[in-house]
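Both complexes below contain chain A, partnered by chain B and then by chain C.
Here is the complex of A and B:
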């Protein structure tokens, strides 16, 4: 049984979630020309059309860019450590893209192998993702090259897809989604899936993995990285990049130990105290980003660490990003 | 909630200054219950911290057979080590760990042991030397070659003398040419050449080689010439780390998390990995 919801009804639901005290985030036009996933101050802020992809990703709602791990206080009695704030409040991300939602199961694996990371897990448990299947794509989109598509369901709790009459067809994919929506879990769609046609597949991830394995030392990386400014925008706007730094912020009396997003494109990322740097040049850092996503992560966790959102290319000031670099690899391979 | 990033509080019970910029610090768990349950393998590492300055990764350079304290050794080079440098007896530091794989000391039983170290790489070798000495009957001949740029850069010099006093243990100290003093009685030369001159038995030996990349690069061919197999030659990688638990992505070397699959690798294993360390 499929349900329908109009855009107005969807905003009413968002208003009800806000009313119930949940944090509700979705695409918001923060200024002319810039759409970001952000907490909705009110349901009317939810932007449902007129954009292809927000410039950031939803990962920041489960893996904040800055997160306190604990605080410390120093007084006459010595040092005391205090756990961070209690469990985060319930949150709903509405209007997520399939390429954002699909990154969550990847992050689930990373944050739970061997040592469970409860900072991530408790936010994840408190988060429901209402995904909006894509009606449009641009030339940076390549979800279909990494096994996903405009209506891919991975990581979503509720899937909304354009029903063609200004309304969305609603399918609850998980118990969490069903509980949020107040409906039953719907079966998989008929063969062929839903939503618009996605971008043409542009490359084969297995070819990329083979290239980085066999061309670890190759002038390709140096040449390709020449325009790279090392700004890290690719990693910060990626739904799946998860590298972080741990730093102290405080003084001798008290403060916090926190983790902050980091990026493999920064020279200091791997610099040793001795001065030795295993990745001394930008080419090695560009290679690492591709290597991690297409060879290292699949080797460890069985999946490519890329959902084809294209944010790295869209946000790169130098025309790089996964698709531009990888297209060249696959082009070179087939020549 | 389990917080894997929250450290144990440790009391500084002893600080030793080895060189103008190297100190070692002995720590004891403030929580007696934690102290009783704590155990580790030599070769594992910890993440040590000075509150307000941050965390740094060091080998636990005490032997796992000592139960009343752990020790780490560091060179003062930056913000965190600058703060650790200021720590004195009675002060509180943070410790997370133990992390990583450690040395397979059980597998090394019955073998001769060769320890080759350069400069600040002595601490991660020291823990294995003490472990072997405390289980002396399990191991054959022990050869230690330790070199530094100058006499003033050698660390744990008093212990080098102690080790040399054990039966079946040969300790050779060396300094780079020009780094000697008029009183210097050790060898003058680089670790690989001094080691080759020493003609230690290598055919049945396991070797642990830790030091600057150039020392390692030149030592491996010498070991091979002397009959050691690369599967018996170990090192400990020093990739920069933050979390220590396979999350933060910093220590990746090709296909591995050095913090999880390492930091201890054989050169046979390293040969299959890309140069990302």
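Here is the complex of A and C:
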């Protein structure tokens, strides 16, 4: 007893959510050549086809690139500390990719590991994810290499998959999704499931983990990192990268403490005040990115910190990214 | 005297220690009355006033800014005010494109004897600003998404890539064999490759995806550690090499340059390119110069910018607000830029915090204005920043604004003439003055 929804009906639902005062985000063509996940100004902006993947990820809606933690004011009455906005708006992310949604459970673990991060948890609780199973993939996609696929359901509240006639089949996967859609939770999916065929598996994450464990000091890293220019395009467009920095902005009369995204490819990321830098060269920084995703995070949380979206490679101005580097590790054919 | 709505403008005046500050002092001792709306900040010389200070004042609540120093010829340090004048010219053109209301930015020459002029200038500026109303930066609405169709696929003429690629590989092989270089920095299948072994010269490629400007790698310590280098450049990239040498960042004599004549790779810059053929390469590969089209006249180079400038100022500001709102501060624009080579960028200094580190609207405006103005008269227009931006921000337009300013005011194009005097760091007595009170 599956439900269906046409593209038009989906937009109507998005319009209704907007009407209800929710923040609704989805793929938007912000300009010719650039598709990004962004808040929808109107339901018609929701882009449902004609792209493989937005250049950013949905993490920004649960872990914003800039988030005020508190603000302060100093006046005659003394120092006043202020909490940030009381509660985040209810939000719906429509048309997320399975590789975006699958990163949310990873972030859940990270932000609740040694300390429950209220800022993250509040936004996460206010967020429902309506995922659109992938109908297409490109040469940078590798979800099937990290245990996911074009119809993977992890992290999604509602799953839409192409029913082949311009409509989507709807399956509510969680109570949150069922409440959003106004339908019952669908039974567990049949193995194999729907959706287009995914990309051919390109590597085995266990091999990558073994390599980084055994080749911490290896010229491979220096050589492979030569093209890397040390920007944060890979980390900032990655659905799973989550490093941040805390900054104070303001003056003697008032200001804020905020957290901003940070990226391990910046030389400053590990620079000490003394001038010493434990990761002094780009090779060490590239190694760190692979090491964290395939050995450190799995060691701690039992899962690879990569959903195979390929954004790192698509956005890298120098042709690097997880797949190009890891393919070489696994002696697979260079892509 | 207060306006009917009770608005009292705040005006920040950056003044030099030797002329305008003494002019203000004289106005005081001569009991000349002027509005109390001005906050004077004394600096050694106008040549020392970074444009970022202007941005900063407006960020933290100034409604207008005055920058004032010694009359031409009077500078205590001989030429500080001439240098400043040039920077202001460039900065004004940049602000024009961004859609900033330049009626809030004032410049003047006021000498130590001109107490009365100080009084007049401050009174005028205060009245004007009062009429303009409060400055509310970063509150203007952002333009909604354009939702234009898909980008048109680049039209690349089928050049003789294959033949040039063969020659390129042979040239690289020769250089390595003869021991002239230890590494060849060139294009590979996915991006830059660093060929150190003869057997790897086959990895070098030349095709329509070879957009990167490889000269950015010449200063990187990891690449320098490999030893003497050869670098593959197109005509447009070579302009960066000219600049890097001019700014003492590379030693040309230690470098082998393999130039690729290029008929265009389909990027916007290619449509108005007049640097199809590298001019100073040690080895030049590919088509006869005549076949590659000649020069493109200046108007065509800036046509895209002129079209943008036809929009009303508020629309330009709304456009950039939307663009900068997407900025993640991943700094890909900076990292791919051959001319952004500071060991530590201004954006990463926090004593004092010149530019807010946060990727919010204020921090993004400050960053992009600083990036652009630091490249004034230095940017060679390779468009790598625009190509690298994951958010699709059209930094090309800002660069074009400054390239046009350099060309129209000073007849200068970065990286074209190795002997030309640089725009910033030089000055002329004839530089434009009409915007200075």
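In this section, the second predicted complex is superposed on the first by the 330 of 335 C-alpha atoms of A that agree within 3 Å, B and C clash if a C-alpha of one lies under 4 Å from a C-alpha of the other, contacts with A are read in each partner's own complex, and residues count from 1 in each chain.
Keep this in mind: a residue touches a chain if its C-beta (ideal position, glycine included) is under 8 Å from a C-beta of that chain, and two chains touch if they have at least 3 such contacts.
The model shown is predicted, which means the values in this text are computed figures rather than measured ones.
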Partners on chain A (chain B, chain C) - clash or fit: fit
Which of chain B and chain C A:74 touches, first, second, both or neither: first
Vertex chain A angle, Cα centres of chain C and chain B, expressed to the nearest 10 degrees: 80
Contacts of A:45 with chain B and chain C, given as first, second, both or neither: second
Contacts of A:251 with chain B and chain C, given as first, second, both or neither: both
Minimum C-alpha separation between chain B and chain C after superposing on chain A, in Å: 5
Touching both chain B and chain C, residues of chain A: 245, 247, 251
Chain B residues touching chain A - in the complex, by the definition given at the top: 1-7, 9, 49, 51-56, 75, 77-78, 81, 92, 212-213, 238-240, 242-243, 245-250, 252-255, 257, 260, 274-277
Residues of chain A defined as touching chain C within the complex: 28-34, 36, 38, 41, 45, 50, 55-56, 65-66, 222-223, 225-227, 229-233, 235-237, 245, 247, 249, 251, 258, 260-261, 263, 266, 268, 281-283, 315-320, 324, 334-335
Residues of chain A touching chain B in the complex: 69-70, 72, 74, 78-79, 81, 83, 87, 110-111, 113-119, 122, 216-217, 242-248, 250-252, 255, 257, 259, 262, 264, 269-274, 276, 278-279, 284, 288, 291-292, 295-296, 299-300
Residues of chain C defined as touching chain A within the complex: 60, 144-152, 188-194, 212, 216-217, 220-223, 322, 326, 328-332, 334-336, 348, 353, 356-360, 363, 384, 387-388, 390-392, 394
